[in-house]
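Before anything else, here is the set of structures, which you'll find just below.
In what follows, chain A forms one complex with chain B and a second complex with chain C.
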Partner chain A sequence: MHHVLVDQWSQGSSPLHARDPRAKVLVLLIFLVALATASPNAFPTLIIYAALLASGILIAGLPLGGLLLRSMGILPFSLTFGLITWLAGDRWRALGLVEKSYLSTVAVLLLVGTTPLPRLLGGLEALGTPRLLVLMAQFLYRYLFVISEQAQHMRLAAACRGGASGTRRHAKFRAAAAGAIAVLFARSYYRAEGVHRALMSRAFSGRFALLNPLRFGWMDACFAAGVGALLVLARVQ
Partner chain B sequence: MHIPDNFLSTPVWASLDAISIPAVGLMIKRAGRDLPDTRIPLLGVMGAFVFAAQMINFPVGAGTSGHLVGGALLACALGPAPAVLVMTTILVIQAFVFQDGGVLALGANVFNMAVAGVLAGYWPFQLWGAARRNSAIFAGGFLSVLVSGSLALAELLISGVRMPRLLVFTSLGLFAVNAAIEGAITISVVQALDRLNPGFVQKPGRSNSRVLIVLSTAGVLLGIAGFLLASSAPDAIQSLGQTLGMSARTNFQTPMANYSAGNFESAWLRRAIAGLTGLLLICGLCLAGARFVGRRRSA
Partner chain C sequence: MTPIIEVRDLHFRYEDGTQALDGINFTLHAGETVALLGANGSGKTTFVLQLNGILEGQGSVTVCGLAVNKQNLAAVRSKIGMVFQDSDEQLFMPTVLEDVAFGPLNQGCTPEEAIEKAKAALQQAAMEHALDKAPYHLSAGEKRKVALAGVLAMQPEILVLDEPTTFLDPPAQINLLHLLRGLPQAKLIVTHDIRFAGALAERAAFFEKGKLVADGPLEEIVRRFGWTYSDLAADLRYSAQRRF
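Moving on, here comes the complex of A and B:
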């Protein structure tokens, strides 16, 4: 699955993986804002940004082709809108939609490809995201695969019993699908209760500890300041 | 309906980010008041449930199938404020992990789908859920999808994305169809849940609060206004964006030769500085408000 691959990427060890997530999030935000406000015909800026992203991917040791390919997920959407805008006679904007949304996607993928999600969420919390949201996101990500797998099993079971084939008796299949979702709901609900009891019995303090705590060192400050300045310079040149 | 980055013009996404941050903050405070700590894992796991439930196809008829979006269902089962938070968390995970929806556009997506969508989905349940439960739940599912879809469309139009009239009508029609499907799915899931355990779905009107009623009415009205505006006059909403200075179209349309670079840069800088100042101001206000409330509570 897609996210499992990104999870594998994020386990690597490169200078970019080693940077503090806060520094990377700051750089990403600077990048996205600078890109969003750049005009679509400012080709020098866009080329510098693309080169920076490519060198980031290479430094991080991520597969360049795989990452670029994965970012193409945005294209069906942006190409459709780009085509509409192009036909409406707004060519620069059409071009901007496609190229800029693609670059943004690559940048976000580079961030999650070099930062394991628990560390990323820890960084977001340190930057001021409310603890409740961060905690919910942790639980969500942790149980996403468990419950998706349960849903897959239920779908397979329904298909084995003839629940998925044939489209004649809609009402019956609708009732079956509704029942499946309700059962999934109940299972998730009771699983959450179990999770809570297990956490309590292990004296859960209300936050997940990271194996190596976040440390914003000199290297991180230099990275954020250097790359941030480069991005701004490339934008206003 | 997830808007990626660079589809919205800077004033639009910046102001929606600035609206969503305090809105989610407010919901966190409400949820903290309504919920015991025991339910934090529940909220996260329910987010995972919504992801997984979207894999189960619903036969809709004519060989097509739809899937649950979940805003109204969560609002009926968990209460509005926790449901807003669950949807927000889902959108955050989708933006970062699945690159579904942009990071800068996260505020817009949170506003459309988590805040306005969920509150609009809870609105009928709160108003007439006690008297006519089924129709309220159907209307909730219907409104939640319709409101978030038409808000997203209105935002795109205000940002100056040019769409031919026909396309606007087609997408509004599709939203309406999807909304009806969501309503039907929500109601059949709620009925199935009732058979499993009648306690899953809240009693309507349990968390009756004036703030929520006002907010959700505002959400419904905003969504319907977006729908009507976009359907009656797509051009009018674009020119509205232009007069408000929210449309990026004017910048991009003129050929580059007509631009003196200095002019553009200063306009860009001014806009960026204005946006940043606004964001900082709002952050400061939220922090000050939180401190004030905290002090009052501990006193």
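Moving on, here comes the complex of A and C:
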């Protein structure tokens, strides 16, 4: 499962993993703003940003190919909008849209792949994100496991009864898939109720406390200031 | 002796109108182990979910002298540890240590105290080697032990185990049995596994259609309701002879 793999990546140990999540979130914000405001044909800037991301991935010890491949998940969406923009006659903007969305996804995946989710959400909360939003993100992430597990069970059950074999193009298959999605939703709902019960049984009061409290040290400050400055310099050059 | 759990005239109806519990009276004393038996849908799990306020019915439920109501929920949930049938529902933190420390942190322990309690509970459950592992990488038996450790770390006075042998192979069942036998807490065990129940409990309560229809020595209950493993092979041979 995609999110399980990213979760494994986040458990690694590297100078990037060791940084306080707040420092990494700040750097990501600077990166996203700088990238979004860069001109679509400012290739040197985009190349520097891509090189910085690649360095980050290598320093973190994450698989470069795997991360770049997973970031392609954004392409169906950005290519659609890119194509529309291209057809409207704005080729540079179309190209920029695809490049920027892809680099943004790589950056976000690099952050998620080097920060365990509870710490990342703790960092976001410490930076002023409303607790309700953080809590929803935490549950959403947890329930992703629940839903994908349910989906896998259902797919297996369907395959055992001859489903999805050579009938993909048939209307009957589409109708069955639609029904399966409805069942998946209902089953996930009941399963999520179980998770909620388990949380409540362990005295959960609406806040995920961290086992290792966040500590923003001078190394984190240097990292945020240094990389942030580099990103701004590359943007204004 | 004052009971550690006291339930009086408990009724519960689900939103769809199903009467799940119908006038339950039950007591459990400190150190006692009771097996809750009955067919699927007879109300056993619904009953145990009332004990820590996950479900709220009509009637009186007292746990360690505390009435189970909104004011006492946090205290009650610290007294009664629940191990669910599906361990995957219970394990949701990235590492085993973080998951086991989740309960103590919610109880207000400092991170250092929570780690200490988590490590002690993992040692008790013979899972100290899995501290840094991701819960989804564990086997079913290991997951069950970690789920149990997560509850033990909260140092409850009562343990409730819902179908503890589900998904476990025989060696894992025996391991779990030894582990549970060594725990001093009072235990409520919801199970269909009579051998497992018999190895842990002397007393059983039998549920039928939302009613607690019998409460007494396990052997007697098992015999009375025919809730025992017969010689399945012999039964099948007998049925086959009669049919053909």
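We adopt the following convention: the second predicted complex is superposed on the first by the 170 of 237 C-alpha atoms of A that agree within 3 Å, B and C clash if a C-alpha of one lies under 4 Å from a C-alpha of the other, contacts with A are read in each partner's own complex, and residues count from 1 in each chain.
Keep in mind that, in the parts below, a residue touches a chain if its C-beta (ideal position, glycine included) is under 8 Å from a C-beta of that chain, and two chains touch if they have at least 3 such contacts.
Everything numeric in this text was worked out from a predicted model, so none of it was measured.
In the superposition on chain A, A:Ala225 contacts neither chain B nor chain C.
Of the two partner chains placed around the shared chain by superposition, chain B is the only one that A:Ala180 touches, whereas chain C remains out of contact. In the superposition on chain A, A:Gln8 contacts chain C only, with no contact to chain B. Once chain A of one complex is fitted onto chain A of the other, the partner contacts of A:Ser205 are limited to chain C, with no touch recorded for chain B. Counting the residues of chain A that each partner touches, chain B and chain C differ, and the larger count belongs to B.
Once the two complexes are overlaid on the shared chain, A:Val195 sits against chain B and chain C alike.
Judged by the touch definition given at the top, the superposed model places A:Pro116 against chain C, while chain B stays out of reach. Shared-chain residue A:Leu156: touches no atom of chain B or chain C. In the superposition on chain A, no contact is made by A:Ala51 with either chain B or chain C.
Of the two partner chains placed around the shared chain by superposition, neither chain B nor chain C is touched by A:Leu83. Put simply, chain A uses residues 117, 142, 191, 195, 199 to touch chain B in one complex and chain C in the other. Interface residues of chain C facing chain A in the complex, by the touch rule stated above, are 49, 52, 54, 74, 77-78, 81-82, 84, 86, 88-90, 92-95, 97-98, 101-103, 105-107, 111, 114-115, 132, 134, 136, 150-151, 154. Residues of chain A touching chain B in their complex: 2-3, 6, 28-29, 32-33, 35-37, 39-41, 70-71, 73-74, 77-78, 81, 84-85, 87-90, 92-93, 96-97, 100-101, 104-105, 108-109, 111-112, 117, 120, 128, 130, 132-133, 135-144, 146-148, 150-152, 154-155, 164, 167, 170, 173-175, 177-186, 188-189, 191-193, 195-196, 199, 206, 236. Listing the residues of chain B that touch chain A in their complex gives 4-7, 10, 13, 24-25, 28, 31-32, 37-49, 51-53, 55-61, 63, 68, 77, 85-86, 88-90, 92-93, 95-99, 102-104, 160-164, 167, 184-185, 188-189, 191-193, 195-197, 200, 248-249, 251-253, 256, 264-265, 268, 271-272, 283. For chain A in complex with chain C, the residues that touch the partner chain are 4, 7-8, 10-11, 116-118, 142, 145, 149, 191, 194-195, 197-205, 209-213.
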